[in-house]
Amino acid sequence: MSTALNYGQAFALWRGAAPDWSAYTEHAFVEGLKDGSLPRENFLHYLRQDYVFLIHFSRAWALAAAKSETLAEMQAAAATVHALTHHEMPLHVKICANAGINAEELETTIESTANLAYTRYVLEAGYSGDFLDLMAALAPCVMGYGEIGAELSGSGGPYNDWIETYGGDEYQELCESVGALIDQAILHRLGTDWTKGPRFNQLNKRFATATRLEVDFWQMGLDRS
Amino acid sequence: MSTALNYGQAFALWRGAAPDWSAYTEHAFVEGLKDGSLPRENFLHYLRQDYVFLIHFSRAWALAAAKSETLAEMQAAAATVHALTHHEMPLHVKICANAGINAEELETTIESTANLAYTRYVLEAGYSGDFLDLMAALAPCVMGYGEIGAELSGSGGPYNDWIETYGGDEYQELCESVGALIDQAILHRLGTDWTKGPRFNQLNKRFATATRLEVDFWQMGLDRS
Amino acid sequence: MSTALNYGQAFALWRGAAPDWSAYTEHAFVEGLKDGSLPRENFLHYLRQDYVFLIHFSRAWALAAAKSETLAEMQAAAATVHALTHHEMPLHVKICANAGINAEELETTIESTANLAYTRYVLEAGYSGDFLDLMAALAPCVMGYGEIGAELSGSGGPYNDWIETYGGDEYQELCESVGALIDQAILHRLGTDWTKGPRFNQLNKRFATATRLEVDFWQMGLDRS
Amino acid sequence: MSTALNYGQAFALWRGAAPDWSAYTEHAFVEGLKDGSLPRENFLHYLRQDYVFLIHFSRAWALAAAKSETLAEMQAAAATVHALTHHEMPLHVKICANAGINAEELETTIESTANLAYTRYVLEAGYSGDFLDLMAALAPCVMGYGEIGAELSGSGGPYNDWIETYGGDEYQELCESVGALIDQAILHRLGTDWTKGPRFNQLNKRFATATRLEVDFWQMGLDRS
């Protein structure tokens, strides 16, 4: 992928230390989105699970607002929750409706184990830890989709709408602002020498585990499990 | 006060069962706001503490979003956090600036014990309990200010701006919608017979304790403690 | 299984409503323990993961102590955490050592997805919900092992020690006392008519999801995944 | 006080940075315990509130067990919760009974604001933060009583039993082991240079706030408020 992406310093370090990063961003599911070979029923299975995912993802950002230590952090997290619950989720309902999945079907989706593993891992990281634990666990999702979108942008094909949602300017700017939020939050809590203490490894591990769970999430889409 | 206020059924029950409700809504501090006899320095002391209060109040609403069980709950809580962090708090900073308290002074306010007792009680209720525990602990603040605003509206005097903020239509509608949110959340979790089980007493107790802490908060304003 | 087991009324209801209960208690892994056909390497894989599981299981019981509302609840939860951390876990280390897995290997076990899904589901249920959410999420593990132990007791074979740990009197009494604790906690919070309100379905769902994750856990042992 | 007390390095730093430390350990209530001049009714008021305090104090240590990151931390926290719920609290009930306060009276004690402020501050620190936030918030109570006990030991008088409970070897050893636990936990999470990062000031602030709330707690005993 392009090295021009500017999602911040912490993300760059975490990404570099996560063994499964390319297994995630270059997963067969992603390749199938790119060349259009992904069967539609797999995409629909993914969409349904992704709706359930978004519920818990929004809850995790709300928890980040609750665990904020500055007004700027609180505002950033609150804006994200607001955007997710008032725009992303209704949009998701609409996209699913267009794809033939009605709202009732969405609401009654049985959460797959891969979904449950990922979302509860993130939420528990947030409840047990602090704002940084949440950020390290949320970053693979936020920024990984940004990288994938940027990489696939322009591919066209049946999944073009999905691709350009994440490859477009708006989402890319979101990734940059979340990256800046994370760098600022680390500076505020751990200071400039943060990579020298044990917290660095702990956050690396959070990010790496969440990345592994993203791989499982794509695989769930492929297996329709 | 007027019985015309329509803040929902649960609130009406909780209010009726809280021994200190009138000690709160008719506190000497409130009387001083009404007739303008409250010394300005007491009002400024209150304003500074109220800014710190708003930080934790926003965090509590964010926690409510994290503990939501329906999209409607999540949207309502998220909208509240967003409004608090993007409008109320900046407005508060501006009001304080007009009153001669600059942003730095606000940020370095030492949290009074009454403030700390109240905000941590609410947050801990939320962390230890569920969405309803949070609502019962937040309701005295939200709706009590609504009642006070409605009661004092039209009094004029030096505190007219403050009074009309809470007595005005916008805030009154907020109280009505929070009341509806609470009634709906109770129905969703406890069903129609909820007043017959032990949870009714537990929630009554939450509301009553938060009301008592509101009394202490006004007293802190009066004592400048 | 024998209907003589007396693990309380709530457990009996939850068990009856969980679609995957027999898929869990009669899983191929369990059959392999019973007739001794389970390959040793699968058992060792399970043991390693079970050690990681016990860490989070202990944390969940500690959270239950933090979310207790009576001294009796707090004492019961505290005694369980104490027994887990001072007896079960050291015993597990010893069993693993006898099986050729040293302490360092145990500590560096990479948590499987099935393990992570289950433990974080339980902990998040506890953080987001209350004592009852925790109990409903913990019960399938506590009581399921009790049922399996009682069912397999006397089978002999290579896994006899494991079997008799759960089939023996001490563990059976633990299941009975946890069952009584749960019934008492429900009575305290929801009253006698608790099966008539929406909370009944929510707790059923918690128990059923945890049961499903137990099935995945056995399958992980079988697949060494 | 004697400089011979060995409650660890973090405690020594936190204590040195807390403006109200001597206002706490040399409070008029403490002086009254020492010279026996404290009216008995004030002591009984304190005892009743202290029972309620112990409930939440135990919950906070249980939360510490849930937020532990090593087996040693979990064992230490679990042992503390167990001792509190199985020995301290029953002992407290007995002491109160001897002082003429029966169990029912104890259970129906109305929590004072000072009590509520302190306990909820500690619990919220734990829920919002991590193990270290909890330790910094709990340390003033644990070690402050140790210092007071050591200082007052040998005074005799009507409060001798209370004094020697905290001045005795058993409690002094507890303080030393909690001090070692804290130092170890900091090393594990923040490394050797921890006093150079922003976390140092955050933990100082936690400790200082909890110390201030201890002063309020003694004052509550004096005022019977």
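Per-chain residue numbering starts at 1, and chain names A, B, C and D are given in the order in which the chains are listed.
One rule holds for everything that comes next: a residue touches a chain if its C-beta (ideal position, glycine included) is under 8 Å from a C-beta of that chain, and two chains touch if they have at least 3 such contacts.
Everything numeric here is computed off the predicted structure, so don't read it as measured data.
J.: Trace the shortest sequence of touching chains from chain B to chain D and report its length in steps.
T.: Steps on the shortest route: 1.
J.: Just grab the chain with the largest centre-to-centre distance to chain A, centres being mean Cα coordinates.
T.: For chain A, the chain whose C-alpha mean is farthest off is D.
J.: Round to the nearest whole Å and give the separation of the Cα centres of chain A and chain B.
T.: Here the centre of chain B sits 34 Å away from the centre of chain A.
J.: I'd like to verify one number: the distance from the centre of chain B to the centre of chain C, where each centre is the average of its C-alpha atoms, in whole angstrom.
T.: It comes to 42 Å between the two C-alpha centres.
J.: For chain A and chain C, let me know how many angstrom lie between their CA-based centres, rounded off.
T.: 31
J.: Please output the residue numbers of chain D that touch at least 2 other chains, ranges allowed.
T.: 66-67, 123, 127-128
J.: For the complex, give me every residue of chain C touching chain B.
T.: So the residues of chain C in touch with chain B come to 66-67, 127-130, 188-191, 193-194, 196-199, 202.
J.: Quick one: in the complex, what on chain B touches chain A?
T.: It is residues 55, 58-60, 62-63, 65-68, 71, 74-75, 77-79, 81-82, 84-86, 89, 123 of chain B that touch chain A.
J.: Going by the contact rule at the top, pick out the chain D residues touching chain B in the complex.
T.: 113-114, 116-117, 120-121, 123-124, 127-128, 209, 212-213, 216
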